[in-house]
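Both of the next two complexes hold subunit A, though its partner changes from subunit B to subunit C.
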Partner chain A sequence: MTKNSTILRVAWADPFKRLIRKATLSYKGLFGVMNWQQYLMVNLGSPIMQMLCFTLVANYVYGYTDLSKWLIGNALVMTYFNAVFGVGSQLSAERNSGTLKLLIASPSDRIGIFLPRAILHIFDGLFAVILGFVVGAIFLGFTLPLVTWPAFLLALLVASFSAMAFGLIISCLGLLSRDLNLILNIASMSMLGLTGANFPIERMPVWLQTISHAMPLTRSIELCRALQAGEVLSAHMNLLYGEVLVGMALMFVGVLLFSFMEKIAVKRGALEMF
Partner chain B sequence: MSQSSTKRELHIGKLPVISVKDLKRTYQTKVGLLNQEKKSVEALKGISFEIYPGEIFGLLGPNGAGKTTTIKILTTLLAPTSGEAKVFGCDAFGEEKKIRPRINFIFGGERSLYWRLSGEDNLKYFADIYKIPRAKQPELLNRLFDQVGLSDVRKHKVETYSKGMKQRLQIARALLNNPEIIFLDEPSLGLDPVGARALKQMIRDISAQGKTVLLTTHYMQEADELCDRIAIISGGEMVALDTVEGLKSKANTANASLEDVYVQLVNGEVAS
Partner chain C sequence: MISTFNVLTSSAVQQFKTSIGRPMFRFCVIAQPIIFGLLLGMIYLEKSSVDFTLYAVLGSGLSTFWSSICFSSASDIHRERWYGTLETIYAAPAGFKWIVLGKIIGNSIWGFLSICLSVTVVTLFFDKSLVIAQPLWLGIGLSLMTASLIAIGYLFAALFTLSRNARVMMNFMEYPVYILCGILFPLEMLPKAVQVLSYAFSPTWAVKILRFAVAGGEVSQVLPYVYGLISLTLIYGLFSVVMFNRIDVKCRVDATLEVY
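And now, the complex of A and B:
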């Protein structure tokens, strides 16, 4: 291999390596925990307890003996923790650390700043959901046929991607608002209430069903319930594609919103306002 | 407003890298919860100045004078309400993509860094943000850490750094993209004398590389030692613009220091 081709190969790999490093360092810099104990307590302990609580409440209310339906819904909704409080609050966190202005005034394109931040959260969210199922298996007797695992994992990955795309939209509001807590709480509650995790969508008012179908996770929860019931993925590809489309649409809107909000923030002088 | 001829002559034939004409910025705020009342604060009331390549240009003034607002506009972080703010001949609001790769800035204080990351990871992150080729990064980072004297602590978390070390790391970050203009907004804020002296030497070194520096500070001695020309603004208006010696000659007392003339100008005791 000649020196020139080596340089060319390295240069081609540069954007990918940059993407991975930006993803890792932004996660560590803003959301990363200091040790494993803290990670288990904060990132997993709280969401898992919430999952168990809602699963048991839903089962009590609807009187089913099989907890799986509610466990699946609430396990998937656990991605909200990364989506809302990780991805959703990142620009607000950048502002608090005084680094938002450095990113805005950098020559990096907005996609290059914006998207890498969601990558680690997708896998972190996926890990939380899987752990939720493990806890469900241990304490609530949740079972999943081995043959279903690959399709189930794919559905979870897509669900986490879609949830993080939702988080990107929320994060844009951090460019203008200094107090995101209200928005973050509404966003997390909407994921709990409108995705079908705890309440059957078909019993909702029609207008609320429309919102529900535009939400991330709605299709993934339905898909995962079908897979757990023994149905095959090929019979529900529309749900998988639908979730991917919702995620991509949310991401596209998020990037547009970022540019739009940035302009407004520069005009208003809101980038450094406290 | 007159300017001493000595420094002016150095700029003959050069185009300004920064040109500000009748620049105004008004902030709108709302007061009250139910019966919200809109209030306007005029941070800049029409200031004008030019900065030439290689200059260390001081922007002095009391708190709330409009120094940081001016820097925010010139660094593309804030839109002007009216007037002109050009950097390299490009509008700071509207043509920011042409300006951003060629400038960098530091705002005083300890923020503007990721405290949970090491000094090295901070620079790596911003090197990626500035799209510096990965192959060039190791050598560049080594040089910058050497330049700011942080090589031995580059792998330590920033939260363990002293204020002076954080400021030096910020300087290294600001030099990553080899900018032609560096904006320093109160870089010596809170530094001890040793740290402040080291910082001054770094600013001289940056200037010696041919870079243009726009510096704001409340330390008159620092401005006196470093700046080629100084603009004094107060209440959003330009009070004086001249070389250090030119400013001192305006004082109404003999052997006046820069601080003496600054106080007299800001208090309106002498004419600009």
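And now, the complex of A and C:
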């Protein structure tokens, strides 16, 4: 191997390694203080309990025949736990640790600071949803035809990506607000209704339906329900592309919002805890 | 006796005024009843008026009351520990257990008000008639349930005085109680073995009384649930007192009143 090719390889690999390092560090920073029991209880226990609870509510209200439909909706909503409480609370957590001002003052580019924080949560959210389906299969008789697994997995990955992009927008609010809990919880709970996970979207007023269609997960839930019903992915590519577009749009807005709010936070002196 | 009453009242009033200053508590007693009420109202929109009243109206209120117990009464000890004030109130001559009980009463008043907010929101937003066949029993059920939730909050406060993992626990115990106690759907949806376990939790008995108040029936049908709820509340209360007496010694031995 020549010296030049080694330099090229390092030049290519270095940003990637840095990205992974930033993603891993921010994830560890959030959950590192917990032992594994606490991690499982907070990261998986609560979301799965929420999923079971609302699926059982739907089971009672809509009858046994539609159970899978509502299980899928509530399982996908679990990604919001990662999006809102994981990604969404990161900048707020930096402030509480006293490191937000260092982060803002660092010479790194803003996208490099901001985007890697969502990466591990995408896969963590995906894992939570898959575990939710396993729990659904064990306790509620959920089944998924083997042939649809690859398409279903792709839909879940896209869903988790767009949910995390939403989390990035929430996290920007952490630059200005010293207590995000109220916002995080309202955002998280609203998703139970706005995504169509628990009742048909048509029941909402028209203006709320418009918001619902602009939300991440609404399309993914519809797509996953169609796939579970035996339909092919190619017939619903518009939903998949739509979800990717929503995720990318949210990520773009998140980056703009981050730059904008960063300036306001510096002006207001809101980077410190007190 | 009068001084104990004064401690209880002062602690309850102070807690009532200060707890609402916390955003998380504001979420529990203001935002959650509204969001939960609207969500459950949408879900139960096409069910019967009895189901709508019981699960969308009262269920959303009860669930938010329970959340306020989880995120306030149970977590107040945790908060005091982080503020570094737990040792101070523990050593206060007024009596630690009375101060804590006063705090829980103060929080529970907010919890009860959240039920009223939930009922108002769901009634205003949905064009559904509410059914209350036995209004007197609704009052009795809500009063007994409030007393029982105070007892549970007191018990949790005792348990969490010893534990430094209160925050994790309070996050986890919210939904299991919604499921186990039939707050958002009938208990009969659960497997028989789980139903047996449900009766160890007093909200299950309270929901049965509220169901009677909504759907009506013979008084003899509801009396076993009233006795069951009162008995469980007394057991929780007694267990809490025993726990607080044991804590008095154990906290000093294990030195768990500090954050680290």
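General remarks:
Heads up, the rule we're going with is that the second predicted complex is superposed on the first by the 266 of 274 C-alpha atoms of A that agree within 3 Å, B and C clash if a C-alpha of one lies under 4 Å from a C-alpha of the other, contacts with A are read in each partner's own complex, and residues count from 1 in each chain.
Just so we're on the same page, contacts are C-beta pairs under 8 Å (C-beta built on N, C-alpha and C of every residue); 3 or more make two chains touch, one makes a residue touch a chain.
Keep in mind the model is a prediction, meaning the values are calculated, not measured.
Of the two partner chains placed by the overlay, only subunit B lies in contact with A:I113; subunit C stays clear of it. In the superposition on chain A, contact of A:C53 is made with subunit C only, not with subunit B.
When the two structures are aligned on the shared chain, A:L30 is found in touch with subunit B, with no touch to subunit C. In the superposed model, A:K267 lies in contact with subunit B only, and not with subunit C. Within the superposed three-chain model, A:R18 lies in touch with subunit B and out of touch with subunit C [touch as defined at top]. By the document's definition of touching, neither partner reaches A:T210: not subunit B, not subunit C. In the overlay built on the shared chain, the residue A:I104 is in contact with subunit B alone; subunit C does not reach it. In the superposition on chain A, A:M41 makes contact with subunit C only, while subunit B stays out of contact range.
In the superposed pair of complexes, A:D179 makes contact with subunit C only, with no contact to subunit B. Judged by the document's definition of touching, subunit A residues 34 lie at the interface with subunit B and also at the interface with subunit C. Subunit C makes touch with subunit A in their complex at residues 23-24, 26-27, 31-32, 35-36, 38-40, 42-47, 55, 165, 168-169, 171-172, 174-176, 178-179, 184-186, 189-190. Those residues of subunit B that touch subunit A in the shared complex are 25, 27-28, 72, 75-79, 93, 96-97, 100-101, 103, 105, 107, 109, 111-117, 121, 124-126, 128-131, 133-135, 173, 177.
Contacts from subunit A toward subunit C in the complex involve residues 34, 38, 41-42, 45-46, 49-50, 52-53, 56-61, 179, 181-182, 185-186, 189-190, 192-193, 198-199, 203-204.
For subunit A in complex with subunit B, the touching residues are 7, 10-11, 13-14, 17-18, 21-22, 25-26, 28-30, 32, 34, 97-99, 101-108, 112-113, 266-269, 271-272.
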